[in-house]
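A, B, C and D label the chains in the order they appear, each numbered from 1.
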Amino acid sequence: MRAGLEHMKPFLLLSSAALAASMASGSAIADKASDTLSVPFTKELESVDSYFNSAREGVILQRSIWDGLLFSDPETGEYKGNLATSWEWVDDTTLELKLREGVKFHNGEEFDADDVVYTVNFVADPANGVVTQRNVNWMKEALKVDKYTVQIVTNGPFPAALEYLAGPVSIYPNEYYAEVGPAGMGLKPVGTGPYRVESVEPGKHFVLKKYEGYHDSPKGEAVIGTVDIRTIPDVNTQLAELFSGGLDFVWGVPSDQAEKLEAMGRFNVVNESTMRIGYLEMDAAGRSGADNPMTKRAVRQAINHAIDRQAIVDNLLKGKSKIVNSACFPSQFGCAQDVATYDYDPEKAKALLAEAGYSDGLSVDLYAYREREYAEAMLAYLAEVGIKANLKYLQYSALRDLRTNGQTSLSFQTWGSYSINDVSAITSQFFKFGGEDFARDEEVRDWLETADTSVDPEVRKEFYAKALKKIADEAYWVPLFSYNVNYVSTEEVDFTPSADEVVRFFQVSWR
Amino acid sequence: MLTFALKRLGLAVLVALTVSAVSFSLLYLSGDPASAMAGESATSADIEALRRLYGFDRPFLVQYADWLFSALQGDFGQSYYFKLPVSQLIADRLSITMLLGVCGISFALVTAIPLGVAAAVRPNSFIDRTALFISVMGQALPSFWFGLVLIVIFSIQLNWLPPSGSGSWKNFIMPTVVLGYYAMPAIMRLTRAGMLEVLNADYIRTARAKGAGEWRVMFKHALRNAVVPVVSLAAVQMGFMLGGSIVVESIFALHGAGYLAWESIGRNDLPTVQALILVFAGFYIVFTFLSDLANAWLDPRIRVG
Amino acid sequence: MARDIDTLAEEIQGPSPAAILRRRVFGHYGLLFGATALLVIVALAVLAPLLAGHDPYAQSLVARMKPPFWMEGSDPNHLLGTDHLGRDYLARLLYGARISLAIGLIAALISGLIGTTMGVAAGYFGGRVDLVVTFLVNVRLAMPVVLVALAVVAVLGGSLQVVIVVLGFLLWDRFAVVMRSSTLQVRGLEYVNAAKAIGCSTRRIILSEIMPNILNNLIVVMTLEMAHAILLEAALSFLGLGVQPPTPSWGLMISEGKQMMLFEPWVIAIPGVALFILVLAINLLGDGLRDITAPENRS
Amino acid sequence: MSEEPILAVEGLTIDIPMAQGTLHAVRGIDFELNRGETLCIVGESGSGKSLTSLAVMGLLPKRLECAARKLAFRGTELQGLPASAMRQLRGNRMAMIFQEPMTSLNPAYTIGDQLAEALLLHRRVSKAEARARAVELLGKVGITAAGSRLSQYPHQLSGGLRQRVMIAMALMCEPELVIADEPTTALDVTIQAQILRLLVDLQREMNMAMILVTHDLGVVARVADKVAVMYAGEVVEQGTAKEIFGHPSHPYTQGLLRCIPVPGRTKPGEHLGSIPGIVPSLIGKVEGCAFRTRCDLAESACAKPVPIHRTQGGHAWRCIHSRTKKADTERMPA
């Protein structure tokens, strides 16, 4: 036993050397020689149709399969034309765009204003049930001016429009989409993007092929011929596949494993920060019950003081993660940093609890859907100040249902803002009386509304700051930390991550 | 034989109906499907509309009858998560689970029967003790842990077998071993016990007295009689195995019905879970029914007379 | 005299029942091993607070993933190292034994109560009662255990109590089957008829004539179902729908350790081996008890 | 007779290892059997009759230890014979009929299959030929509608019919030696006589040697050429039937003969004899006459090795008494 385990690691290295020498025995064809990049998805994607999923995996596919009207350069944040070539605000609520000519969808359908109009009008209609309404509900409708000119009309002034048009709003072929609908699109997606979809086995296997007829987009042409995506739910299995040559490229590797992989010297390990932040959502509004302890500000502040966020960042997240104090990611437009902060102070937390009438402690359910170990670490911190939290670990969709029904009093959430570098993508998402708003603070809502709809950046900043300050003062959330992502690949793969947590297959190449 | 088959068929149908009722009510109690379906921005009016649209406001029995009637026609409703017909989803995933089940039970039989026979031929010998040891180990090995250990050894250290997926026959080796090993001990023990009993039977002595060789005695005369209870056990185990493939499928990332079941439970995808419970129960029922028929066929005392 | 008096006496009278039992028990290595190992585990679980030296829930993020004593860099304060949150692995293992034993024992008691009641009723009364029980057993067997358990736990929420009750209500089938056939055997015996003849009440016949005679089978099934329940709990917890963290369930420890198993195999090796030994011990004990109480029915 | 005896057994011992020691189940027995002869081995349960016959067939369970100075079939020493050669003999040149017809046939196969197998194992014949032979033999053993019986399973036949099938099976290859181990014990009394008659007729017809193991002296009197009386693992007396019945010389034989009614000799209402006591344990070292614990004539010398008396006619008995008076006075009719 003793000798066996001691020799485990050298043996691992040895076997990897043997692997490098011989060919991989893994069944999947995954390497430079076959021009196939094999990658895993962690989640079973409910639908490939990007308007009908809310997963990171969906965003990744969306960027490869479809194009937006605009493109946002991941490095500079500058907007470039993609399916549109130029754009102009006609008034506060009307954006006119000239469309690129000669673009063809994967099925041969020609791209023109009809596609934009159909797509926008379809997704903007709440009755069609786009999953993330925030992405589309700012649009009122699209109007065709001529074959290559459209106008998008917004529901009131919406300064972040360009960010959304470069992000989640992708353009679908009108004839095809009208015929097959979201279900058909999910099974056989058609777009204009750098990759076309060769095959879809719902939830488990997707094969992308380079689209040879790709237009002259700022995204650039795809380099790798085939991207083979399999759903492998367990990171650990993903790594095992990486070792045995079944995968070329894995992301979202937890920091412990990433450190070990880096030490092996056999893989490229890159850490990049992301826009995703983690936070605890507390039922200040009493949606889950008016007598809920979370309705008391002192309790919420106590929880803020109880958790040693720095220790969690230093020991669990590592990498480029930082603690956050405001209810947004620091780089986002409007994310005010001069808000009330709560340092780790268990004594103060206990005092606050006593003040709220819980000197004997209290019991609460803590819901979580990812990073069970972070949640567990927080359980222990809460226990130290006398809050007995029972962990309820659910899948995301199940937890989302509970939240929208207002049944959670304390939950560990994360939000990646769809990589939109604007506070409207996060704070406004959660504090404007939506299903996931557990603060229900009218003042905050109104400030956010003002900021969201103003075209003056200074006004926006001012009102976002007001809202964020009140959120911090009232301790509606416990903002925890920003996430980082570890990207691990074989040495054959050349990839530079961007800070938006989106893997762009068309920018991956072989070394 | 025919009346026997019909009686068993009647029982099987009754069992299936009961299981369907149990599973339906189980999940019926689990909460409001309408709000689960409605999604993020739904208002209570939306949810109410959905409730009426899907008939969730009707009495329990009406809903059950309706569901059952559709289910009998192969329509299990739509998955809340994938928004696809459940029957299509399951059909899609079932082949892997079936393949796994067939491989698993074959592995179990192929290892358990010879071991059981060998152990019975020489009771208390080295081989008997080895067989006993293997079966005792198999009963105590947590299959999820065994699967992980196999991955560490055969995928990581030796790099012989792929740790996940279902693309090649190599993918099925480790899951087969894990699943088969789970069923093996019981089959082995029953084979051994059956052979021990049969080998003491007078007709074995008769066969020897005729001058039949040892192999002929073992396999033609003894095993044929000892195998009868093993067939029913194997069928039962096969049924269990398909239901138990959840663990194995999740470890080896095999996208079979078991894995779908696990994920669907987590996602509150009730129609899928309901259908899967019924499908797995159906398998068990069909297998036991078939094994009863096989038994009757193997044992002339039931078949004729 | 070549032979001593005892063996001579045995030859004439046959050995005393106690001597037979003693010889069988001490000649049965599986039984001895199982009983000893189980006793040791029970002792460790009972004495966990004295032996552990740490609170199994006390986390220390700066002292995470310390290796166990046989590896380099180990901390003598943490013999089996620490887990991913810096909790003492030995303490969690010892307290985990309590969880496993409690689940096994209580679940087996619940299912034993249900199954025995059904089995004895079926065997004793026969007729319609028997038909109904047999049918229920068939229904129960047709339900995929893991799937149903997962679904129920998902509905009710995972906790120790829920898992115990769910397992208790799912694992009664073997009790019912074995108790039914045992009762059938005993029912036809002379002394039961005699008890009936002198007008004993049904309750009395079942409790004082039948139960004592099927008790050995009951105990054997009890041990096997205990092992079954322990394994199932571990599997459910491993799948995330069993006992919830931070409870130190062994299944959960394996599930959590899985993250690092490629690099630090000991994190799954330790709870895995513990689980294996516990289940092995209980199974061997059960097999052994069956062998010594009914050697003619081995296997 | 110049021809080799069909079977010659000398000094056969069978030991059974047990937890408490070795059980000496058969201790040094001798006999010889020629073509066409019937040897009856008589004795009570546990006397080693069945073990002896199994030893001849080479069918003793492996854990038993069997040894003999000589165990020859037509001059071929059977001890140490390769298993394959032994198989060539079994069922082919020597065959056996067992006590329990209800369980001695394989329930999973038809009568036809099992009969044919006996022939197919030893002769290069087609299945059809084997079945034809089966029909022929079923006819011979008195089964009507033999052709349709072939496709029946054992559980569909009565005990008597099954035993007839067993006999037919034993005779499929026309063996030179048939060993019948209490072939009628398990049958109804009315059937017993029929089966026995059938067996003897067939033995004569085919000119086989037969060993008939039985505890029924009435049967012995009717069919035996030679008789061997076994007690506690030894042949205590053997000789021609005539001598055994005429001059029983061992006290045990005499006791046995007293236990059966003899037609014409036993008066109605007369008490039959019985032998008091139980057979001694054969575990451990057994010395002297095993019957001494139950023998009226036991003396202290009986505890020592017992001499064997032989007459010129081949009659032999194992007793310290040369020929007991009792035998002459009580059993010899005036």
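Definition applied: a contact is a pair of C-beta atoms (placed from the backbone, for glycine too) under 8 Å apart; a residue touches a chain by one contact, two chains touch by 3 or more.
No experiment lies behind these values; they were computed from the predicted model shown.
**Student:** Per-chain Cα mean versus the mean over all protein Cα atoms: which chain has them closest together?
**Tutor:** B
**Student:** Using C-alpha centroids, which chain lies at the maximum separation from chain D?
**Tutor:** That would be chain A.
**Student:** Based only on mean CA positions, could you tell me how far chain B sits from chain C in angstrom?
**Tutor:** Chain B and chain C have C-alpha centres separated by 23 Å.
**Student:** What whole-Å value do you get for the distance between chain A and chain B if each is reduced to the mean of its CA atoms?
**Tutor:** About 39 Å, centre to centre.
**Student:** Using mean CA coordinates as chain centres, what's the gap between chain A and chain C in Å?
**Tutor:** 45
**Student:** I'd like to verify one number: the distance from the centre of chain A to the centre of chain D, where each centre is the average of its C-alpha atoms, in whole angstrom.
**Tutor:** It comes to 91 Å between the two C-alpha centres.
**Student:** Show the residues in chain B shared as contacts by 2 or more other chains, in ascending order.
**Tutor:** If we look for residues of chain B contacting two or more partner chains, we find 156, 250, 266, 268.
**Student:** Among all residues of chain A, which ones touch two or more of the remaining chains?
**Tutor:** If we look for residues of chain A contacting two or more partner chains, we find 8, 12, 234, 240, 243.
**Student:** Any idea which chain C residues touch chain B in the complex?
**Tutor:** Checking each residue of chain C against chain B gives 30, 135, 138-139, 141-148, 150-152, 154-155, 227, 231, 234-235, 238-241, 251, 254, 258, 261-262, 265, 268, 272, 275-277, 279-280, 283-284, 287, 298-299.
**Student:** Spell out the residues on chain B that touch chain C in their complex, using ranges where they run on.
**Tutor:** The touching residues are 11, 14-16, 18-19, 22-23, 26-27, 29-31, 136-137, 139-145, 148-149, 152, 156, 189-190, 192-193, 196, 236, 239-240, 242-244, 246-247, 250, 258, 261-262, 265-266, 268, 273, 276-277, 280-281, 284-285, 288.
**Student:** Can you tell me which positions in chain D touch chain B when the two form their complex?
**Tutor:** Contact set of chain D toward chain B: 57, 59, 83-84, 87-92, 95-96, 98, 100, 103-110, 117-118, 121-122, 153, 155-156, 166, 169-170.
**Student:** In their shared complex, at which residues does chain A touch chain B?
**Tutor:** For chain A paired with chain B, touching residues are 8, 11-12, 15, 18-19, 24-28, 44, 46-47, 52, 126, 129, 131-133, 182-183, 186, 201-205, 230-234, 237, 240-241, 243-246, 394-395, 397-398, 400-401, 404-405, 434-436.
**Student:** Give the list of chain B residues in touch with chain D in this complex.
**Tutor:** 201-203, 205-214, 221, 224-225, 298-301, 304-305
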